[in-house]
Structure formats: C-alpha cells, structure tokens
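Got a structure here, written out as structure tokens. Questions coming.
Letters A, B, C and D mark the chains in the order given here, with residues in each chain numbered from 1 onward.
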Amino acid sequence: MLAESISEIGLGHFLVLSMILFITGMLGVLLRKNILTVLMSIELMLNAINLSFVAYARSLNQLDGQIIVFFIMTIAAAEAGVGLALVVAVFKRFKEVNIRFFEHLKG
Amino acid sequence: MGSDIFEVTVNALKLVTIFLVMVSLVPSLVWLERRGAAFIQDRLGPNRVGPLGLTQLAADAVKFIFKEEFVPAKAIKFMFYGAPVFALLPASLALCALPLGPIINIIPFEAFGQTWGPYIFSIQGYEASLGILFVLAASSLAVYPILMAGWGSGNKYSLFGALRGSSQIISYELAMGLAILGVILIFGTFNLNEMVTAQNGPLSFSAFDYSMTLSFLPNWGIFYQPIGAFLFLAAAFAESNRLPFDLPEGESELVAGFHTEYGGLKMNLFFIGEYGHMIVASALMVIFYFGGYLIPGVSPEQVTQFLSGFIDSQNMTAVLSGLIHLGAFSIKVFIFLWIFIHVRWSLPRFRYDQLMELGWKTMLPWALGNLILTAVIMAAIH
Amino acid sequence: MTAEVFLFWFLAIVTVVSALGVLFMPNPIYSAFSLIMTMIGVSALFALLGAYFLAGVQVIVYAGAVLVLFVMVMMLFDLKSEIKAFTKGTLGGVFKIGSVAVLAGLILSAIMVTTQGVAIKFQGQADFGMQPTRLLGNKLFTQYVIIFEILGALLLVVAVGAVALSRSKGGTHARRID
Amino acid sequence: MGGCVPLYAVIFITIFVTLFGALLLFAASKVGKVYKDKVKDETYECGIAVQDKVDTKISIKFYLTAILFIIFDIEIIFMYPWAATYKEFIASGNGLYSLGAMGIFMGVFIFGLWWEIKSKALEWE
C-alpha cells in the first residue's frame, strides 16, 4: 500500500500536496505578526488552490480549470498590489507593520 | 531524459557546453569591448600581454581568482555570496532554451559492438515547447540577484543602485513583452524553433489575393515588425543594464551601484551574468527578427544536399550542416554584440527621470501602437 | 519509479520545505525568498501536469512581479530580524493550530473519500506542444470572454487605486481639517 | 515522457550553474590571502566615515512603479494567448470578433496608461 502510493502518482497526491501548502499558508496568516508575511501567506494559500485546480484540470482533461487558475493569478496580483499600497500608506503614517497595529483602528 | 546512456550523456554535455561557452565568451567580449572602446576613442587599448593583447584575458582571469576575499562587516553573508551565484542563472537558463542550429537526425550506427540510435538531436540545450514564455520567465528572475546584492551589501549606495536597477528592468520588461507580442502575432506560436523555420525562404507578402515575392530578401521577421524590432533592441539594452541605460551603476551618483562592495571573482560573476544577458538579448533579436540560424538565401535542405556531394556518411553530413548553421547563428549574434559595444561608447547615459519617462511614456505607447497596427493589418489583409 | 514520479517527489519536497520556510523564517525577507522558491516549485509542478502556459505565467507574474514588489517594500521598511515573529497568547495559539488541524483532517478525509481510483495518467495523455495553449486561448476568448473583460476593468481600478493610495500623505488622518 | 525532458534538463542546469558559481567562489576564497582590518571592513562610502544611523528615505515612486508594473504585466500576459490564437481566429473568419474582444480590453489598458500619465503618477524628478 505504502510502496504503491509512493511509486504511483495520482490526483490524490497533488491534492494532498496542495492541502499541505494551504495549511502552511493558513498557519502563516494566523500566527505571524508581520503584515507582510501575512500577505505572503495569503499568496501561498492562493497558490495551493491553483495547484489543486491544475491537478483537477489534468485529471478531468478539461482546460477550464487552467483558465480559472489564470483568473486567480490575476486576482492575487491585484490583491498584492492594493494590499502593499495599503501597507506602505500605513507604514508612512505609523512606522509600524505589525498586526497589533490594527488594534489602533478600534473606535 | 533520454532512452539510453549515449543520448543522456550528449544532452547533459550539450547543456554544460552551452553554459561553459557562455562563461568563456565573456573574457573575449571584455577584450573586444576594451579594444573596441580604444578604437572608437582613438587609443590603443590593452595590447601588451600577448599578441593583440589577447592573453590579457588569461591574466585577468588569474588576477580575479587570486584577489583577496573580502566581505564588509555589515554585509549579510548569505545574500552577499548568493547574489553573484544566482546572477549566472537567468542568462544560462534562457540561453539553453534558444535554438542555435537545426535539428540533427542521426540514423542508426555501429560503435563498440552495438547498434546505437536512431537519435534526434537539436542544437539547443532543451526544447521548451513554449520557448518565449520560458525565456521571459527566466529573465524575469534577473531582478533578484540585483536586489540581493543591494540588500546584502549593507551599503546605502548598493541599495539605491539595486532599487534603481530593478525598477528599470521591470519597467522595460513591459515594452519588451509588448514588442515580443508583435512577433507572436505574426508567427502565431510561442515555440522558437517554429519561429525560425517560419522565416525560411524568400520574403513574400500576400494581401487581397495579390501576392508579391521579393526573392532577393529573406523571409525575416524584421520586414514584418520593423518598429517592434527597434523597440525590442532598445528594451534589451535596458534589460541588460548596458549604456545608455546603465543607471544602476551610475558612478557619478552611486559610486558603483549595487556592486559597490563587490570585488574579485564575485564581481566577475556579476559581469558574466551581465554579458550573458547581452548574449541572450542578441540571440533573441536574431531569432525573432533575423532568421535565427538560417543562412539567407539558402535553406537547410540545400546545405545538406550540397554537403552530401562531398561526404558519404549521412550522419557526418547532418552534423556538419548543423555546425555550419551554428556558425551562421554565431556570426549574426556577434554583429549584435558589436552593436551593443558600439552603442556603449557612442551614447551618453540617461538621467533617471529621462529613463523612466522613455520606458513608460514613449516605448510603452509605441509598442502598444505597433501591436494594434499589426493586429489590424492582419485582420484587414485577410 | 518513472521520471514523473521522481520529479513529483522532488518538487513536492522543495515546495513543502520552502513553504515551511515562509512560515518559520524570523526575517520576512528570507520568508520572501523562500516564497519565491515555492512559486518556482509550483510552476514546475504545473509544467509536470502539462500546464506549460500557466507554469510560465506563474513565474512571470508571481516570482517576476509580485514578489519583487514584496522584496522592495521590505527594503523600504528596513526590517530587522524579529525576535517575536509570532503572535502572542498561548491559548490563542493552541486554538488556532487546533482549528487548522481540524480543517486539515477534514480536507484530508475528503480527498481520501473522493479520489479513490481517480489517477492522473501521465503516459501519452497530455499534449506538451503548442496546442493546449491555443485551446486555452480559444476558450478564454469565447466562453470566458466576459470575465476576461471584467478582469481588465478590475485591473484598471486597481491601478487607479494604487496611485490614489500612494498619494495619501500617510494614513487616514493626514488630511484632517485643523 | 517527452514532456519531461525540459524539466529534468532545467533542474540539471540550475544545479550545475549554482554549484559552478559556489565552487568557484569557494576556491577563490581559499587561494587568496586575507588581511583583516577593522577600517577595511567598514562599509564603503567614498572614504568618508560611515554615517551609521541613516534613515534611508526611499522614494515612494519605486513602489508605485512596481505596483503599476504588476498590473500592466498581467494585462500583457492576458494578450499572450490572444496573440497565439489570433491567426486561427482570422483563418476561421472570426478575426474581427477576436480583435473586438481584445480591442475592448486594450481600450481599458490604454485608458489606464493615459490616466497614469495624465495624473503624473509616472513623473520622476
């Protein structure tokens, strides 16, 4: 069983790999203090999703999955652009990029 | 990688050879550049060491290796040492994906008491099916060595140089991407091999049932994309940080830019990377606009036919034909390398605001206009 | 063990190790370089799956553009290695890790249940030439053309927004009337 | 099988080049003599004493350029599949449809570029 799962690669392998990357990104979002690392972790999560989409596209032999990935990449880049513009604006004002900064935003 | 040991070995050797040729071309280019500069400025240049100063190359190489190893106290070691190593990567990855000659078909032959083959070798490191995309991807990584060097040196001039350099590279990547789009539109493929073979034969235009053949001109991309070719060349200068776009190194403002703290072999590795970009840019220019490895007026089949008049062995003919085309390719590339060198000693450096203005406000609109024009003409003449 | 299987395990190890690097590196700039490695690994996995066009786009867009911006912003902030890279609170941390572990278990069991016998056949299935990219383009410009135009508009909005944000002289209180 | 040749070759050349550079650097660090000196180890600032606490003020323009680069880069990437399929669309008689679809997109692109130029977001001084 184990030897077979090492020598035979299937859809499940890619999905599990995608899940590991997703979980790592999620932990980064939840645990890291630096907002830049948080943004990078979000990119990592999106990448994990992309991987599973491409794996499904290959498995089902349909290109729609790949097109969705193309769109996700666009959204991710747009998100990074706006997110970093916000971070730079925040940094210019408060000289601080830690998550705890957002406590100041309360009321 | 291949079906048997022979094929794997040849493929691996091909990659290593291409890389080593790139590395060893650099001292010769440096020599050419110094002699060329001297020639342009009515000086002599390095002429003492050996005939024509040619052994200056070896002397320089030895000097570089024996230079003292130096790290500034404030440097971040990993970045400081990693940057010159990674500076080699983008250029060599891109160069390995370029078709340098036609495909060689080897029919089965006997050697060491065994039958080998048949094989198909291309004079190319590896054939990436979406060649352009691969080259663009590899060269888009060229920003990182610069940023690593600027950050790792712990020097503010290095940091400024790195920021300038990376901004410049990414700005001109846009114009470059749009110029390449024109080529893709014409040939309808990302594959560099298909592009080169499409440029075979005499130039012929066809529009509205009329067709015109200019048999004295080859079917090169430059005749379809003249504006695109010029934009691509200009963007290539900026991408490889050459004068008139060598702002990252602007020594009047930034000491020596991102390699202020580098000396000896580390500096040399950056040099190899920069010249590697020059070689890749020239090679791409040749592939997109000047027929790649094709000899003008003669198709590869004609060359093979001509050669088989002298040589019996079919394999030898194929290999020799490949080498002849490789030679044609090298001559074309060298013409462009000489243009790179000549421009460096003819034009002054831009100011930084002029550079950005040129990239964003002049070249980007022109490249867009070129693309739209190409698309509209293609739709109209059908 | 075929070539693809070996490549898969190699790339899986590269991506997972560098993803863990993103999570655990104390200095965000090393996190960024780790993330570049992950992106390139994922791109190679795309190539392994036959999505050559996406592999190229992945490197050009993520490694060549987005991460460059991240690294540049970090150079602006001049971030030193942080001693406390993670958020405070043991109880909160345990709760977060626990909930993520539950999620991981759920996804894993879902994968286990649904992918029984669904295998990706590598041999002779995918076309590695130019054809898949042409089909992708064809689909993008017929079936998905509306989304494509909307994304164009979205990118315009993002460009305008980024310029507007960089104009603001720092934070929300910059232009208050005194 | 065929599709995997580039991946193997790419990984091979990557590792080879990295090792080549690293070994060369390592060798060079062994052959040369090293003289340690406190002043020499200082950051090079043209001979002036190092100004330690520099508040590195970097122009916001660099980030703005990078952000705009990302956005325009994506738009250009969207044009690649279009360029690859344009010939097919023309051949099948749908050239104008493809041109129109891209024309709208390109119009948005040009409007964005025009706006950036007009709003002086690309101005350096």
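One rule holds in what follows: contacts are C-beta pairs under 8 Å (C-beta built on N, C-alpha and C of every residue); 3 or more make two chains touch, one makes a residue touch a chain.
Not measured: the values here are computed from a predicted model.
Undergrad: Tell me, please, which chain's centre (mean of its C-alpha atoms) is farthest from the centre of chain B?
TA: Centre of mass proxy via C-alpha means gives A as farthest from chain B.
Undergrad: Of the chains shown, whose Cα centre falls closest to the middle of all protein Cα atoms?
TA: Central chain: D.
Undergrad: Given the two chain pairs C-D and B-D, which is bridged by the higher number of C-beta pairs in contact?
TA: Looking at contacts between chains, B-D has the larger number.
Undergrad: Suppose each chain is reduced to the average of its Cα coordinates; what separation in Å results between chain B and chain D?
TA: Each chain's C-alpha centroid was found; their separation is 16 Å.
Undergrad: How many Å are there between the centre of chain A and the centre of chain C, using C-alpha atoms for each centre?
TA: 5
Undergrad: How far is the middle of chain B from the middle of chain C, if each middle is the mean of its Cα atoms, in Å?
TA: Computed from C-alpha means, the inter-chain centre distance equals 30 Å.
Undergrad: I need the residues of chain D touching at least two other chains; which ones are they?
TA: 3, 6, 8, 10, 56, 58, 60, 62-63, 66-67, 69-74, 77-78, 80, 84, 88, 102, 109, 116
Undergrad: Would you please write down the residue numbers of chain C that are in contact with two or more other chains?
TA: In chain C, 3-4, 50, 53, 57, 60-61, 64-66, 68-69, 72-73, 75-76, 126, 128, 130, 133, 136, 140, 151, 155, 158, 162, 166 touch at least two other chains.
Undergrad: Can you tell me which residues of chain B touch two or more of the remaining chains?
TA: Each of 1, 128-129, 133-134, 159, 163, 166, 170, 173, 189-190 in chain B touches at least two other chains.
Undergrad: Show me, using the given definition of touch, all chain pairs that touch one another.
TA: Here the touching pairs of chains are A-C, A-D, B-C, B-D, C-D.
Undergrad: Which chain C residues qualify as touching chain D in the complex?
TA: Touch list, chain C to chain D: 3-4, 7, 10, 44, 47-48, 50, 53, 57, 60-61, 64-66, 68-69, 72-73, 75-76, 78, 123, 126, 128, 130, 133-134, 136-138, 140-141, 145, 148-149, 151-153, 155-156, 158-160, 162-163, 166.
Undergrad: Which residues, counting only chain B, touch chain C once they are in their complex?
TA: 1, 128-130, 133-134, 136-138, 140-141, 143-144, 147, 150-151, 159, 162-163, 166, 170, 173, 189-191, 194
Undergrad: In their shared complex, at which residues does chain A touch chain D?
TA: By the definition above, chain A touches chain D via 73-74, 77-78, 80-81, 84-85, 88, 92.
Undergrad: Considering only the defined contacts, which chain D positions touch chain B in the complex?
TA: Touching chain B from chain D are residues 3, 5-6, 8-10, 12-14, 16-18, 20-22, 24-25, 27-29, 31-35, 40-46, 54, 56, 58, 62, 65-66, 69, 72-73, 76-77, 79-80, 83-84, 86-88, 90, 95-96, 99, 102, 106, 109-110, 113, 116-117, 122-125.
Undergrad: Write out the stretch or stretches of chain A touching chain C in their complex.
TA: The contact residues of chain A facing chain C are 6-17, 19-28, 30-34, 36-37, 39-41, 43-44, 47, 50-51, 54-55, 57-59, 61, 63-64, 66-67, 69-71, 73-78, 80-82, 84-94, 97, 99.
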